[in-house]
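Before anything else, here's the structure in question.
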Amino acid sequence: MKKKLSNTLILKIQCPDRVGIVAAVSEFIAQHKGWVTEANYHSDPVTGQFYMRSAIRADSLAISAEAFRLAFQSIAKAFEMTFELIDGQHKQRVVLFASKESHCLTDLLHRWSINELSCDMVAVISNHEVLADLCQFFNVPFHHIAIDPRQKKASFEAVEEQLERLSPDLIVLARYMQIFPSGLCERYSSRVINIHHSFLPSFAGAKPYHQAYDRGVKLIGATSHYVTEALDEGPIIEQDVIRVSHRHAISELARLGRDIERVVLARAVRHHLEHRVFVSGQRTIVFD
Amino acid sequence: MKKKLSNTLILKIQCPDRVGIVAAVSEFIAQHKGWVTEANYHSDPVTGQFYMRSAIRADSLAISAEAFRLAFQSIAKAFEMTFELIDGQHKQRVVLFASKESHCLTDLLHRWSINELSCDMVAVISNHEVLADLCQFFNVPFHHIAIDPRQKKASFEAVEEQLERLSPDLIVLARYMQIFPSGLCERYSSRVINIHHSFLPSFAGAKPYHQAYDRGVKLIGATSHYVTEALDEGPIIEQDVIRVSHRHAISELARLGRDIERVVLARAVRHHLEHRVFVSGQRTIVFD
Amino acid sequence: MKKKLSNTLILKIQCPDRVGIVAAVSEFIAQHKGWVTEANYHSDPVTGQFYMRSAIRADSLAISAEAFRLAFQSIAKAFEMTFELIDGQHKQRVVLFASKESHCLTDLLHRWSINELSCDMVAVISNHEVLADLCQFFNVPFHHIAIDPRQKKASFEAVEEQLERLSPDLIVLARYMQIFPSGLCERYSSRVINIHHSFLPSFAGAKPYHQAYDRGVKLIGATSHYVTEALDEGPIIEQDVIRVSHRHAISELARLGRDIERVVLARAVRHHLEHRVFVSGQRTIVFD
Amino acid sequence: MKKKLSNTLILKIQCPDRVGIVAAVSEFIAQHKGWVTEANYHSDPVTGQFYMRSAIRADSLAISAEAFRLAFQSIAKAFEMTFELIDGQHKQRVVLFASKESHCLTDLLHRWSINELSCDMVAVISNHEVLADLCQFFNVPFHHIAIDPRQKKASFEAVEEQLERLSPDLIVLARYMQIFPSGLCERYSSRVINIHHSFLPSFAGAKPYHQAYDRGVKLIGATSHYVTEALDEGPIIEQDVIRVSHRHAISELARLGRDIERVVLARAVRHHLEHRVFVSGQRTIVFD
């Protein structure tokens, strides 16, 4: 059973695969009386990397998180691990970006309001003002930062400054409709999630529903992925599709697609917030 | 309810859209006492073309099919229609192409054997001999025509000659793994159905499961389409997908994919055999 | 292509099946220059009833809707039809019922706000006050009518009175969590849509997610149906499911189920508002 | 990555949940140089039971399987475990039961023939003779044991005797259409898999497609489950559904359902053969 993140410590580990990793880690946890409520491993046959996520009941541990981290260093060194021990009670700071379309933003804010997403929604940044009222209703600060198409660089400097002030753990592009500059992609690497309204790699780029209509596909999809410099080519976190037919005009593909965009983005954000995602090159390991 | 094709006449019509088409056609059918058991229309907003398929109980008609065709000419002319009146009892001649993999071939032959597909399976042509026994079990003639990679042109002349003898109404490439030469594509235009083991247009070309693995997609798919000269770009008839994850090696994507390939190909073949498909440029209208 | 309802007249017909219905109706429409943008038929083999829905461009008709209705009477009589000619521009009055859970209500109000649902949201009625702010945000009047468990009859008289004042065309129980009294079921027959959080007929009644967990099903679902006196047995309009596993606790079934409830209810409401649903005993015909 | 079962030892464990299980087991495996290629745990919050499955590369172990079993006894005792160490190379003996319908039997035999299912197909038992040729084609012995409806007890004694001779590890009812007697259910408890052609618990019992049609559901399904004395109430292993509509007659529900029955049964058989299933009361844990 996936337990609540509160009162839980998440141990994320990555290292070259070899015999004894799980034994060493499990032994360490057990020695400190840790009660593991969920554990997942994956050994990637292509890269030879091993990935592990364990959820440990914080109140079961005989030592503090800080002492755990310190003591774990020796295992990490022995196995050439990178690791994180994350306090599941710590709420990540999330900044949402939106434009004019409300469906993804409403969905994320609503899920957050009913505690489906455990995080601090610290702000919404938009290049338009139409969604300000929605943010006000959900009590999330709204920042309008216009993007001047002739002065994109300057516009995004304002975005960058605002982000510096907000200090987000995660950025979600909830149908932002602007290409995130490469500087920001690097600065927040593996911490910017986008929703693309197609089943990538099909129909990358602009107007995917038009492309889907012209190609005559029988299913349309949506893809959430980490944003990288290479447009629409970042590691995919989640995808889904819905059936369409010749009867659906482009406007109807867009309507049907909205239902898929919403859930695909929400699942990806949830996976990230629960520390379930590892990035391995252009691929992801998602322990869902 | 979709009635059985036996005892049914299928009227397929295509013409520029305008007022009064359905009225004229329905009036004509009713005047000859035709009982319509299924009817579908579609007006394509992009091309301005109108498509119509009606299934008429043959025994309800006061005139013969031949007389119907003759009398219908005046309506066809008035509306600039192309039309077909097809005897649903007429079994189409189907030639299957296969290579070494048995899953699609077994599936199609089995469906045919239990009358899920109403047609004459006149032959299987393969560039390998491994599936000969399977064809024998189902009592379908098997022709081994090797494709010499250094002499493709000559090899396919043998295929072409065999096809001339077999005179197929429909050709199905059930994982044939050979590129159908453009001459045959033209000769049997909109009568050659292929199954491609990806969700096209993603991963066109060779080794789609490898491509899917490398890209890290979360769903894999299959696509059945009419074969055209432009490889993997023919009009799509049917598609479907199945969920995968980081845990699946390429061999497992292939295994999971086989289940999708089978049903997607079988549905496309069925739609074609029931005269439910219209081709409109690179798109299809499928009255399912 | 499904055209917008505005500027459209919807003709809904039901009658015993026989030869010539489509011809007579199409001829009538064509004679008055009606441009049919969408047409669907169904002949039910069990009941022998014929169902038909046509969408006609209002501006193409040479006569008024009123004149159409009048003139159509002779055809209706000849074929023993019941029929409706509905002005697609007429916005139906919708009253939503909710309790404490916000997901279905937020979803419906949001879809309405972006014109996915074409109707007048005239009021939300709730037995609790928690969703009042949400309704205010969307500018929909909110009526709190408490349901006293010891005085249900009296409580629902207040509901009934409010409904009389509101005069709804459609009532939607968006997770209302109260059994609608049989008097109201009758009064608004085939005009009250409920969402049940299971794949009916499985797990009818209370606590379906608990029932699903106990039974160990591998998929959970949601069902939207017209409300009848027999609890959870009304005609089903739409259903869908989502995959679950042993890893999901009941609370997680509920979370995953909310995503299905939302879309299933929204699709049913949309189908009803677009006059796409016919009720035939305990079954529905949905021309989607 | 799910590795091939060959060269693999599967360790299945069940015990009351407590701290240190994974550590003790992992430590034991590592101490004997075991390379774990796949590991799954589940802690059931309702029963308090812990379930674990590990796949270990046999050639990595410093001791024999027999020595492993012996040495592991002390851990098993300490944690009150029941455990199995299974040689993945050992092919289980599978007996298939069928009646007249060929789709599930063909599917299972075909998958076995292309090594999708790793087992010995030791026999097919049928109450009819129509599928004898199919079994001969796949080189699987066919036993015709008629079931006399007036003498079911005697008929099933013949079945029981045949099963004694065949000594199966797994029995699969591939649309057998006979109620398995309770004696056999007990004798082969958790080793008899059935496919029921509905989304259980909906439409248990006879003629589920008729029931589904009458109820007007919008999806039909199939369920594979372990057979128990209580008909159609055994622990569910796998389920799936397919969309249907008012247009589908009962015969078409049956046709569409066959595609679901096949894959649902095949997945369940595969899960069982790979030792991925634990039974917990009426529920299953499937480590897929």
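By letter and in written order, the chains are A, B, C and D; residue numbering begins at 1 in each of them.
Note that in this section a contact is a pair of C-beta atoms (placed from the backbone, for glycine too) under 8 Å apart; a residue touches a chain by one contact, two chains touch by 3 or more.
Since the structure is predicted, the reported quantities are computational estimates derived from the model, not experimental observations.
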Higher-contact pair (C-beta pairs counted), B-D versus B-C: B-C
Centroid comparison with chain B (C-alpha atoms), farthest chain: A
Computed distance of Cα centres, chain D from chain C, in Å: 41
Between chain B and chain C, centroid-to-centroid distance (C-alpha), Å: 37
Touching two or more other chains - residue numbers and ranges from chain D: 1, 42, 44-45, 247, 249
For the chain C and chain A complex, residues of the former touching the latter: 1-2, 102-103, 106, 110, 113-114, 116, 133-134, 137, 247-249, 252, 255, 258-259, 263
Residues of chain A touching chain B in the complex: 42, 44-45, 199-203, 214-219, 221, 235-241, 245-247, 249, 280, 282-286
Of chain D, residues touching chain A in the complex: 1, 19-20, 22-27, 29-31, 33-37, 39, 41-45, 60
